[in-house]
Amino acid sequence: MSLSVLIFLPLVYALIVWMMPNDRAVRYSSLGFSIFHLGYTLAFLGGFDSATASLQFVERVMWVKGAGIEYFLGMDGISLWLIVLSNFLVPLIVLGSWTSIEKKVGGFHVSLFLLQSTMLGTFLAMDAILFYTFFEASLIPMYFMVGIWGGENRIYASMKFFIYTMFGSLFMLLSIIALMFMTEDQLGAMSSNLLQFYKLQIPFVAGEFLSTQTLLFFGFAIAFAIKVPLFPFHTWLPDAHVQAPTPGSVILAGVMLKMGTYGFMRISLPLFPEATQYWGWVFLVLAVIGIIYGALVAMVQPDMKKLVAYSSVSHMGFVVMGLFAMNAEGLTGGLYQMLNHGVSTGALFLLVGMIYERTHSRKIEDYGGLAPAAPIFTIFFIIVTMSSIAVPMTNGFVGEFLIMLGTFLAYKPFVIFAVLGVVLAATYMLWMVKRVFFGPAGKIVTEWKDKNLDINPREIAVLTPLTILIFWMGIFPNHFLDFSKTSIDHLVKNKSQYFLTIEDAGKAPKGTYSQIGN
Amino acid sequence: MKTSFDLIDLFYISPIIVLFLVSLVPILSKVLNGNKEPSSFFSVFIPVCGGLAAAVLSVGASLYIMGDPNIKSSPLAFSGALIMDGIALWTSFLVSIILCVIILISKENPYTKGKQFSEYIFLLVNSAVGMMIVAWSNDLIVTFIGIEVMSLCLYILIALSNETRHSKEASIKYFILGSFASAIFLYGIALMYGTIGTTYIHEIVQGAREIISINRVFLIGTGMVALGFAFKVSLFPFFNWTPDVYQGSGTPLTTFMATGVKVVSFVAFLRFMTTDILGGVHSEAFITTLQWMAVLTIIVGNVAAILQDDLKRILAYSSVAHSGYLLIGVIVAGADGGQSIGASGVVFYLFAYAIMTLGAFAVVSVLEKDTDTPIKVDDLKGMSSRHPLLALAMCVFMLSLAGIPPTLGFFGKFYLFSAAIAEGFFWLAVWGVVGSVISVYYYLRPLVVMYMSDEAGAGIVDRTPATRFAIVIMALLVILIGLASEPFYMQMQASVLSLY
Amino acid sequence: MSNELLFAILLQAPLVGFVINGVRFQSKDYKFAGILACSAMAISFACSVILSSRLLSMDPANRHITSTLFDWISAGSFNAEVGFTVDAISAIMILVITGVGFLIHLFSVGYISHDERPSKYFAYLNFFVFNMLLLVLGDNLLVMFVGWEGVGLCSYLLIGFWFTDREKAAAGMKAFITNRIGDAGFLLGIFFLFMEFGTVNFQDLNALAPAASLLSWGEPLVLACLFLFIGACGKSAQIPLYVWLPDAMAGPTPVSALIHAATMVTAGVYMIVRLNSVFMAAPDVMMIIACVGAATALIAASIGVCQNDIKKVLAYSTVSQLGYMFLGVGVGAFMPAMFHLMTHAFFKALMFLGSGSVIHAMHEEQDIRKMGGLKKALPITSFTFTLGWLAIIGIPPFAGFFSKDEILWYSFASDRGAPFLWVIGVIAAGLTAFYMTRLMALTFWGKSRVPADVHPHESPATMTIPLIVLGVLSVVGGWIGIPHVIGAVLPGHPPNLLEGWLHYSVAKITLPQDAHVMEWILMGVSLSVAGLSAIFAYDSYVRNPDRPERLAKRYSRLHNLVYNKYFVDEIYFGRIINPLIEASKGLWVYIDVNFIDKATYQASGFVKSLGSSVRTLQNGNLQTYALYIALGAAIALSFIMG
Amino acid sequence: MLTVDFVNIGLNHYLILSAIVFVIGMLTVLLRRNLIVMLMGIELMLNAVNITFVAFSHYNQLVNGQVMVFFVMTIAAAEAGVGLAICVSIFKRFKEVNISLFENLRG
Amino acid sequence: MAGDSILFYALSFLIIYFALGVLMNPNPIKAAFNLVLAMVGVAGVFFHLQSGFLGGVQLAVYAGAVMVLFVMVLMIFDLKKERDAFSQGFLGNIGKLLAAGIVVSLVINNVILSSDLQLATSNAAKAESGRDTTKILADLIFTEYVFAFEVLGILLLLVAIGAVSISRIKGGTHADS
């Protein structure tokens, strides 16, 4: 088991898929590869030691010696589930896009595997530059995915997505470079290793915006805030989501937004404890505004996909709020909500995509009375809706509950507003459900009177794992949280001077070494 | 006073000698053949071999210098006219390689193939000779001569291309403005010479800091020389010739200008700026001025490129913007002395920039069917389905130019911005970042039309195997060197250490 | 059988019923679905009885059975288990839920037989029972919250059961969202309690609650109680969140009986009784609860006077009766509140089912103005309905008399009570007697106003048997809690069994000793008010059917106000919901599209305009370029030279 | 203090002379529209530089300056040759050597 | 050194007068003649500064060969009356004058401000006062500056071949402009 293999195997898949003779072969082989990859990922789950907060499966090779950039991969409780989530969604996407992607099928799956590779890299990189590399590189396949297989306005949307996100991340690059020079000053050798970064003493002056730590903190924060996206940096999201093809939306919502929150969790919070403490209110305020604003705007959207997109703004606001609570409950909730959002919003996008594939309309007003026409679809949709609005026994509840609890213990007033978001979430989702599924038969249902609108077994196969996960994560959250508990407790306990160790070489595979640079 | 030169000096300049001799082969065979164009063995194969030989000799020279324990510092040749330091040899190596690629492209490009190809090769190779002289020169007057050799060849080459209207305009614009700037450059040399008594850079280094604070004529001389360089590397506000000339010239020549000329001019610029002239009392103002030039170059180059349709013009403006990024490195190097990471950043960036620009222009070249129709961005339409490999290569070049990791362009920017941050030029780095963001817009446009549009655009010209080969090689280099930038960067750093 | 197994069967029987019926949701086989659902309920009821009898045999001071399944959520210091407790309080609840639930399931078999989707209906119904059991059995706030939201979800699904009707779907949505507002408060309450005590377990919370009263509004505990009460308001339809319950009548009538009368809506009362020690520490909040309860009782009763839809009348009656219960818990009458909860479950379920029977007979007609004289056509329904009527207006010895009177006595006499609460309670009782009598009169008595094409007939046995059973319970259900003052004069001195049962489970409240005379007087007053009111109603609607119209004309403004339910829905929509939607549209159009997005556009527009100005400067003229060089050189050199 | 000694001719006088000639050459390039006259302007500028070199060389007793003047002259001649050759080719094509012809590459 | 001054001023006047002639004279041929005379003046300055060899070269190469080239080309073109001799645009011209003025005034100002431009010491080749420098010049060209000298040789070859090949291009295929 090697993390490098985990990251780069999708590239091999991409190459093989590229050489496949026809679309059918591409689809079947992609499905096979992605399921195999999921299995491979689960092997890591089996080998993961949840009792330690140290990095596991570490692989470490000097990449650019002069600048101290390393090829440094490691997994801990924070990244573990994001990896699993990413690899879990890919087979579903392959299966879900079986018929919806009609042109350039090979290219699509190549992009998908490239995207998978970069996503995994982002979550596993323990070197800032390596992280940045994957963080940025993930834009490219996503850009193609939106731009080639997207809707009418796809080029505008993909461009906006790319430029907007890149704008933020370049500031992160500058901050990383500045930190690298700080390692040279303070630790003797230049390094972009996150473990070395954690050791830095970054000067902080309370109240001064132009102090080193604050500037660096905001340098990172702007990159992550755009990626999340936090209000008011969310303007790329509705466009990208609406124009992206269904699989693109799923990956975008399911995994790519998590890169931002993961970045907060992995870099911003441990690296800049004072700044996080001092400026945390800014992000809490933005998160709360995002929660309510996203919900309110989602409520009045005429387009289903746009509604889901704005709901993402609201949900991700919760995640950020939980992270900035900086206690175990909030961080756990934030991490869990990342996974939940991946599952439930991913499923929502898949569902909207399925009906769109048939009717070519996402306008809510065109629907109405869909429930009798597509009963199985309706059942899945309502289950996912329940997850999205955090009804207990579904995954959404656990995450939002922990987030609000954590934030409540740290900053009471924000939660008073955040609970409004819970109410509004129910409002916009149920209103949409009511208008789409209930009531007398609408325009589309009338048009489709004689044809079957309901989903087929393939689509049921796509949705079933998600549904199972929704309940599993909702009823047995500890099955998941137990893996992350140690890491999060470690983060909370040592937040003022965070550190990470590398697990003993005994467990690490051959060819890796763990003592360099400490 | 030395009375003569050593044999070793001839060894050092052997790349030039080889190139000059090789340049005579096609034209001589043409003359001996009764004014008929020689076969491509003489006009392409031998010059390419010569170029490769020059590259090998450059490497050989550097190996010799490194291997000889008696050589303590970078050796001077011809009584100080040339310096054989790491950068010089790197650059001559790079120029040789660029030359080989340009020759290959030229044979397949409608602007340059055909009539008078042997004269073309003669001038092209000798232009490379001029470039090497610029890169090696240790004497401002030799720099001037080198620039003139290089430029005069290019003026003629541009005018020679098989297209009449734009190439003449480009040629005359380049010629007049180039001579104008040369005159200013030369005036600066004269003022410097008069006040410090020498034009040798290694001698200027010793006295510059002292004299620049007391003698304002020297200062104005340095200013003029710097502006002369600024023209050659097309910095704001001296960049205006660049888009016009790049657009009007035959694509291989544009490529040569965008890569070779820019590389050597920047190397000479770097040499000049690291002569401690920024260390004196007036350095504040000098540095500030240069900073503003860098910022404005980045902004102007990028914003102007956004609105263009002509692919060559886009690349021309992008080349202007890249000069701005490079100037950041030059400023850092100047402010901190030649051995800083600024200098190695510049050299690495030049290396990266040359490779990706070469590739991008080569793609333009394979699209050109005749000399009448300029290549618009929309002509790339549908390339992804008809020529997936070339489209992918173009994609790599564009992303690299935009600085997306893990391409070569990213590491170039990374080292440059690192240098700026390390020396406290934080806001320059921020402007560089802003520029990069703007640039993404126009770098992505080719990708948009290649991949996201279903219509068919201009076809690729058949029978351009060499160019295509070059494109693929460049794309591979962009990726591979991007992933393994370390050894290259270390080489650059080592070579920079010998820069005074 | 072990207790764990009993818990498992108790909970899982309805769950299994839900899953099986849910999987065959498209089946039209109502018999199979009904039998399955009913047997699930029967099994649950049996388990409940066994558990309760085991409780009965335990030491009264420590009467609870707990079973913990697994750790549910643990993060940081927070830990919540999936654990169940049955004790004196929850035993009453599970008996009511499964018992009444079983009867209602049985009734449903006949009621739903003609529907398209009986399996789905029974699946939802079973799922509701499962959630309700979670709610009452959960041994911590979080498990309770699971059930709390779960019943809300089922309520949503069942109200919108006939979702092709836009109104009904909207009613379901309204119910869910209004409940959500309460749930948000509930969550905040949980947070406050967790912050204060570090636990969410009921036993720990009740044990940790301070004995002294906390009077400051800044106390977390006080705020916790306030927010929990908001949660209760949402679920139990108290002012100002009661608006969903009348609309919820859009669902099938047995659903109204089960969810919106007998069980779910009483969850708020149950929750407060569960946390009685905690609430006792916050007397100010209890006063608020009592006032809100009293106000709800009065206002809902007054609205009920003018309703013409048989189910709406019952719905407002339910709201009003829930108000009584809150009045009870507000004044510390936890036992009477539970008592009333139970009796109310009997008679209100009875009346809803009876109304269902009527509606069934009338072919889905619900307007009481089109009924009348149904006594003959529907003898069993009519008879059992009469029992329910007597119970609700509080005629001794029917069930409602004992429980309602107990609450009124507490509200007057308890140290948390106040005479004005009693006055309001009595007025509400009078109004209740009036509108219920009116309902009886218009539906069953007097002349028939049934349209000619409708031929009402008595319902089948599956529907009448539950009516009969509930009718009996409405009569005898109150006898387990006969107040001491009455018990003392009755032959055989029947003890207050319920008080004995709940003795150790609820907090003690100080009542004046030896105030029997006062108690008798108050009882007499309330009884006579109810009786007179009932007689007046009978007189108005049976003897002089034109009198109500005259009165309505004379007091037209008042009538209009009451008839339109005080315009509360209109105010909510006009002042809150529609403005919110408009504001959201404004946010979207003005902030999102025209400000945030536009800023992006303008940034790129600015870059482009910059680009075009650069292009203008690049005019192609050689000498202009030379000028730029010269000018640039001049400026740069000037700068360099300082 | 701007004090100029008008009587005793020294280095400064020659430098000022060369500066004036240089600027006249510059203005010729900037203002004249005939390509050949612009070329003449460039020649003037180079001549001005030559005056500077020679003056410095004379007053500092450095002969190197004269070598440079020699080189500059050669280069100036070469430039003139190339420039005139391009002009000729343009004339052949356009029958005109005015720069107003050349505004096609722009924007 | 009154004679010295007078000679300097006379030469300066000549050079500047004819230089201005180049600038001002709308007829290219007359401008060319003015340029010849200005160059003769420059040669005079060289002689005056004891650089006889350079003065000779100036006369021969510049005033002779190069100018003949110019005049010949002009004759071939037969540009008697030129359209738009001067660039138009008031603002632009003001800008041009201003820019040139600023550059020259910067130089002149600083030259005047720097009182002592003579170098104290230098390790470069020195000319002894009064002696003709031609021999030293020759020495330098073939020793220290041999590389530059050889390169200039190549340059001339390039220019020769280049000029020939340019002149060989046909008029072009595009009919209109």
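Chains: A, B, C, D and E, in written order; residue numbering restarts at 1 for each.
Going forward, contacts are C-beta pairs under 8 Å (C-beta built on N, C-alpha and C of every residue); 3 or more make two chains touch, one makes a residue touch a chain.
Since we're looking at a predicted model, the values are computed, not measured.
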| item | value |
| --- | --- |
| Any chain in contact with chain B as well as chain C | A, D, E |
| Minimum number of chain-to-chain touching steps separating chain D from chain E | 1 |
| Taking each chain's C-alpha mean as its centre, the one farthest from chain E | C |
| Chain separated most widely from chain D, comparing mean CA positions | C |
| Chain closest to the assembly centre - both centres taken as Cα means | A |
| Selected pair, greater C-beta contact count between B-E and A-C | A-C |
| Intercentroid distance (Cα basis), chain D paired with chain C, Å | 98 |
| Whole-Å gap between the CA centroids of chain B and chain D | 27 |
| Approximate Å spacing (C-alpha centroids) for the pair chain C, chain E | 102 |
| Whole-Å separation of chain centres (CA-atom averages), chain A against chain E | 69 |
| Contacts with 2+ other chains: residues of chain D | 11, 15, 22, 25-26, 29-31, 33, 39, 55-56, 60, 62, 64, 71, 75, 78, 82, 85-87, 89, 93, 99, 101-102, 104-107 |
| Chain E, residues touching no fewer than two other chains | 87, 96, 99-100, 103, 106-107, 110-111, 113, 117, 119, 122, 124-125, 144-145, 148, 152, 155, 159, 162-163, 166, 169, 171-172, 177 |
| Chain-to-chain touches, reported pairwise for every pair that qualifies | A-B, A-C, B-C, B-D, B-E, C-D, C-E, D-E |
| Footprint of chain D on chain B - complex, ascending | 141, 144-145, 148, 152, 155-156, 159, 164-166, 168-173, 175-176, 179-180, 183-184, 186-187, 189-191, 193-194, 197-199, 217, 243-245, 247-248, 308 |
| Complex contacts: residues of chain B adjacent to chain C | 172-173, 176-177, 180-181, 184, 216, 219-220, 223-224, 227, 231, 236-238, 240-241, 243-244, 282, 285-286, 288-289, 292-293, 299-300, 303-307, 438, 441 |
| Complex contacts: residues of chain E adjacent to chain B | 106-107, 110-111, 113-114, 117, 119, 122-125, 143-148, 151-152, 154-155, 158-159, 161-163, 165-166, 168-169, 171-174, 177 |
| Touching residues (chain side chain E, partner chain D) in the complex | 1-2, 4-5, 8, 12, 15-16, 19-20, 22-23, 28, 31-32, 35, 38-39, 42, 45-46, 49-51, 53-54, 57-58, 61-62, 65-66, 69-70, 73-74, 76-77, 79, 82-87, 93, 96-97, 99-101, 103-104, 107-109, 111-113, 117-119, 122, 124-129, 133, 136-137, 140-141, 144-145, 148-149, 152, 155-156, 159-160, 162-163, 166-167, 169, 171-172, 177 |
| Chain E contact footprint on chain B (complex, rising order) | 1-5, 13, 20, 27, 77-82, 116, 119, 122-123, 126, 129, 133, 139, 141-142, 145-146, 148-149, 152-153, 156, 159-160, 164-165, 191, 194-198, 203, 215-217, 219-220 |
